[in-house]
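Structure provided below as structure tokens; questions to follow.
Labels run A, B, C and D following the written order; every chain starts at residue 1.
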Amino acid sequence: MNKKFMMAAEAVERFIDDGDQIAIGGFTVTRNPMALIRETLRQRKKELYLVVHSQGQGMELLIGAGCVRRVELAYGGVARFAPTGIRFRKAVKEKQIEVEDYTNLHMTLRFMAGAMSMPFVATRSGLESDIVRLSGFSKESRGKGRVPREKLKVIDHPLDPEQGKVVVLPPLNPDVTLIHAQAVGEDGTVRIQGLTFADVEQAKAARKVIVSCEKIVPTEEIRRDPDRNCLPHFLVDAVVHAPYGAHPTACHMFYDYDPDHLNMFKRIAADDDTFRQYLDEWVYPFETQQAYLDKVGEKQLEKIKADPDLGYAPGLDRR
Amino acid sequence: MEIDYTANEMMALCAGRLVNNGDILFAGTGLSMLAATVAKRIHAHEAVVFFETGGIDPSLIELPLAVGDPRVMVGTSVNSGLADALSLLAHPKLHTVAFLGAAQIDPYGNLNSTLLGSYEKPLQRFPGSGGACDAASMASGTIIFMQHQRRRFVEKLDYFTSPGWLTGGDSRREAGFQRGGPVAVVTNLGLLKFDDRTRRMYLSEFYPFTTPDEIAENTGFDIDLSRAVQCSPPTKEELTTLREQIDPQRLILGPLKTAADSGRPKR
Amino acid sequence: MNKKFMMAAEAVERFIDDGDQIAIGGFTVTRNPMALIRETLRQRKKELYLVVHSQGQGMELLIGAGCVRRVELAYGGVARFAPTGIRFRKAVKEKQIEVEDYTNLHMTLRFMAGAMSMPFVATRSGLESDIVRLSGFSKESRGKGRVPREKLKVIDHPLDPEQGKVVVLPPLNPDVTLIHAQAVGEDGTVRIQGLTFADVEQAKAARKVIVSCEKIVPTEEIRRDPDRNCLPHFLVDAVVHAPYGAHPTACHMFYDYDPDHLNMFKRIAADDDTFRQYLDEWVYPFETQQAYLDKVGEKQLEKIKADPDLGYAPGLDRR
Amino acid sequence: MEIDYTANEMMALCAGRLVNNGDILFAGTGLSMLAATVAKRIHAHEAVVFFETGGIDPSLIELPLAVGDPRVMVGTSVNSGLADALSLLAHPKLHTVAFLGAAQIDPYGNLNSTLLGSYEKPLQRFPGSGGACDAASMASGTIIFMQHQRRRFVEKLDYFTSPGWLTGGDSRREAGFQRGGPVAVVTNLGLLKFDDRTRRMYLSEFYPFTTPDEIAENTGFDIDLSRAVQCSPPTKEELTTLREQIDPQRLILGPLKTAADSGRPKR
């Protein structure tokens, strides 16, 4: 077996350090790399610096468990289950984390610039807004560690002054990117099915990439149809086989989001005690993904299993 | 009233009527998806719905509850990602219309979906822009859903997330935006538009179950009522389409009570 | 049938005007939109302004037949068959066309910027080179029509002066982009198999898009697997069904490049008389793609037919 | 000489020996593909070949004759496009080595693949940069194939297409390049490298069938011969791999004549 393949415990221990800048793939309730995030909590990683576009359940756990110091984001919510992330909201209000706001396009372009080694990237999105006017991180933090020297800048169009003002943004090159994919080849080649969100840009921009996946397939199989693949093997540092590794968020073609779990989370998340109980019950005890799945239970996994034609669980009670 | 309907139904239909055939619709979930879908079924058959997550023109057999829901990945023309989808907003050959919501709106349609209080000392945090600021910056037009309350219709935003008509007049174009600006605000009480010259919000239509005065009372800034007319109530076709074809489980429409009951904000 | 579907003659007549800025998809010997280009020659379009990265056989015909006034490009060659395009070389030397040089990355980023409505794009590629220092178009032409006000500019990094100089480039938004794809759905959705080169960026950047394709498939079929699709239907203005529409260049999974034709072309291309004879024999007479294919001959088409597993014609004599 | 071999064979093998295991190789067609493939088979098993067109690590069952050849789309890790592939060149976590060729080279490894004469009055046009300038700007290193002729090894390029060590010394880094620069020039007569400090080209190895003097004679600028040693001739394993496994039809290797015949430039 390829030496990139390892357990979540080893991947997180080897590749994530306290204080690292971490990008997380997925979107609100879909393909959050939850198995990797739970392991990050279990190893009590600290002072993480999250860089995300629209993050949901994964960021809720990381912030809630106190692993996070800084966040650059465009959106913190778990869709209808928590239009504003409950632990995120609380941490902002209680000033437990420092936050800097961007838009989804800003964050995507910054990951893309990092992935493509562009020195910076320009857009007109956000002109005149407080996103452009206000910086969330302190002046003292600027230019230190991974905090960019400038959040962004508004400049005159350098090629054609008649085109007015534009916003220029710094690239992102996170220390580590965590994503969850449907399949990885034995060579390390990654395949995502359905929407890719900004996972590909996030992974290419990173110094280290950890991918968890639903299944591992032979190299010949994944290379028989390379039009469907999105990350070459040599950009991937660790692969973790984690079936249902995005639970309780969805993984297109494999399973839906788990409305029962997310509603339960919503009920317990606001209170520090009940939230801690959640971690003690659902996160800290499980050294392996299989142990976690045993806790979720076969019946629940069956309930959210995707229809092979539709890619989600039709008729699932999602209230 | 012959047919009973809820404020949510009125809002979805009122917004849907603003869609033109051929529009490329940037939808969120909730009412915006209902508005887009009802428009497609009734009068704007060639309108296309897309999501910032990358799902372009999905079949929407089941209603998605999130823009990243696997239900937006089925039967699409293309499954892509954020970069592709958000770029479509600004595409010069498309007439893109974005549905947005917010916590606060000012008289020029600028939006706050980030926080109450100040950036340094937030009293309440909301999710943030997501793609809203992008859509407000780049789409050909925006249609904004709001709950009509004084604390939401404010003279000055606590945080300026998404650009509308800025300070009115030509200020949007002068700032460097190449197109766009809010077309309408659809609330649980009525439909508001923006003056062609001043770009300030005015009341365009009030629902059959409200009055201009009630709307003025629930608006935190001076609002011109002089052009207001009554909105046509939902037609039977509209209501049937919405209830039977689009949201039969009332996942988004919510409980079936009369508009007069559900429409008024609790204060 | 969708009203976007039409014959090449109609598509070229309706959507290409004399003087237009035209982007061409494909790469040297693969997926050049030859059926569309032959029709452009047949309609004697003039003063075209080509914007390409690495263009081969398609550009050879357009330049050779006198349809072209200006070219922005990174590379003009037909791979081993003509390492420098023969008609291109001749037209440059005889000053029949004006040329401005970029790199492949420059051109790709410029198409991407156009596709994404970025106001401009930045790179470090080309610093200190004559590509950055020298402009091929005259000062008088600058800022007129589609000629950008500045070819490019070298500026200080606007966010971090310590990072030194960067090159900023203007976006491209061609009047028309021509590409050849393997499949188009009845709704207009486009699917390219194998490498996409910069076709997707070129098409998204364009004001009008003409796609020729090997086959048209039902909407349900192309939408059953949207992960494989690359252009949504509403960005496509005209679809031309043109089997072997890239001949004599290759179309992955359908046919290989035609070494006999390309070698023959190489022999005749340098001389104006024999080149004109080529046009009279291979281009001007054919109002339809089928008529052209009859001329090529079934035997030759069979010879270059792709193996369904490999996507090319194994063992083809390519000397 | 025990084994007979051609100059092309010597060039492919000499370049192949410069590849390290784990290198990510940006290859064109022709000799560069032979060099990359022979290195992978003999000593750099984990090296990866990719093409600017987007083909990442293809199986290369048949030799492609173009970087856009359908043969670079088979058995790949990923089929992508120019944007993705050219971006890999600069990827900070990869050690990328690009094989390039050119019409002219100067003493600091700067290249011309665009034209002879001037930009205003070209006497001869070549294809242009393609991705060469991108690779020369962004890869960790470049290996350059040249025909060794005075008119190709020139003091000053007619057109500066691709940056090498610029004017030598630290000039490359000072200009804003974050890494890279030419590692070696492989010609039909020998192997040339660049001084660690001055970055000027010097003769590193001459093939068994040439002499340093012959090389100096065919170089259009002063070249340091003091460090030159004789290159080891091809081993049996190298030649067998190249001839039997990689290019059995000699599509790129060309006719089998002795190096002494084929190696000398015709003047």
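Here are some notes:
Note that in this section contacts are C-beta pairs under 8 Å (C-beta built on N, C-alpha and C of every residue); 3 or more make two chains touch, one makes a residue touch a chain.
Remember, predicted model here, so these are calculated numbers, not experimental data.
Looking at B-C and C-D, the interface holding more C-beta pairs in contact is that of C-D.
Chain centres here are Cα averages; for chain B and chain C they lie 41 Å apart.
Averaging C-alpha coordinates per chain places the centre of chain A 38 Å away from that of chain C.
Chain A and chain B have Cα centroids lying 28 Å from one another. In chain D, the positions touching at least two other chains are 73, 79, 83, 87, 90, 138.
Of all residues in chain A, those that touch two or more other chains are 109, 117, 124, 163, 166, 194, 227. Of all possible chain pairs, the ones that touch are A-B, A-C, A-D, B-C, C-D.
Against chain B, in their complex, chain A makes its touches with residues 26-31, 53-54, 56, 73-77, 79-80, 83-85, 88-89, 92-93, 101-106, 108-109, 112, 124-131, 133-134, 136, 163-166, 194-201, 250-253, 256-257, 306, 310-312, 314, 318-319. For chain B in complex with chain A, the touching residues are 29-30, 52-55, 61-62, 65-74, 79-83, 86-87, 90, 114-115, 119, 122-134, 137-138, 159-163, 166, 174-178, 251. Residues 115-117, 173, 185, 187, 189, 204, 207-208, 223-224, 226-227, 229-235 of chain C touch chain B in their complex.
On chain A, the positions that touch chain C within their shared complex are 109, 117-124, 148-150, 152-153, 155, 157-160, 163, 166, 168-170, 193-194, 227-228.
Chain D meets chain A in the complex at residues 24, 48, 50, 56-57, 59, 73, 75-79, 83, 87-88, 90-94, 138.
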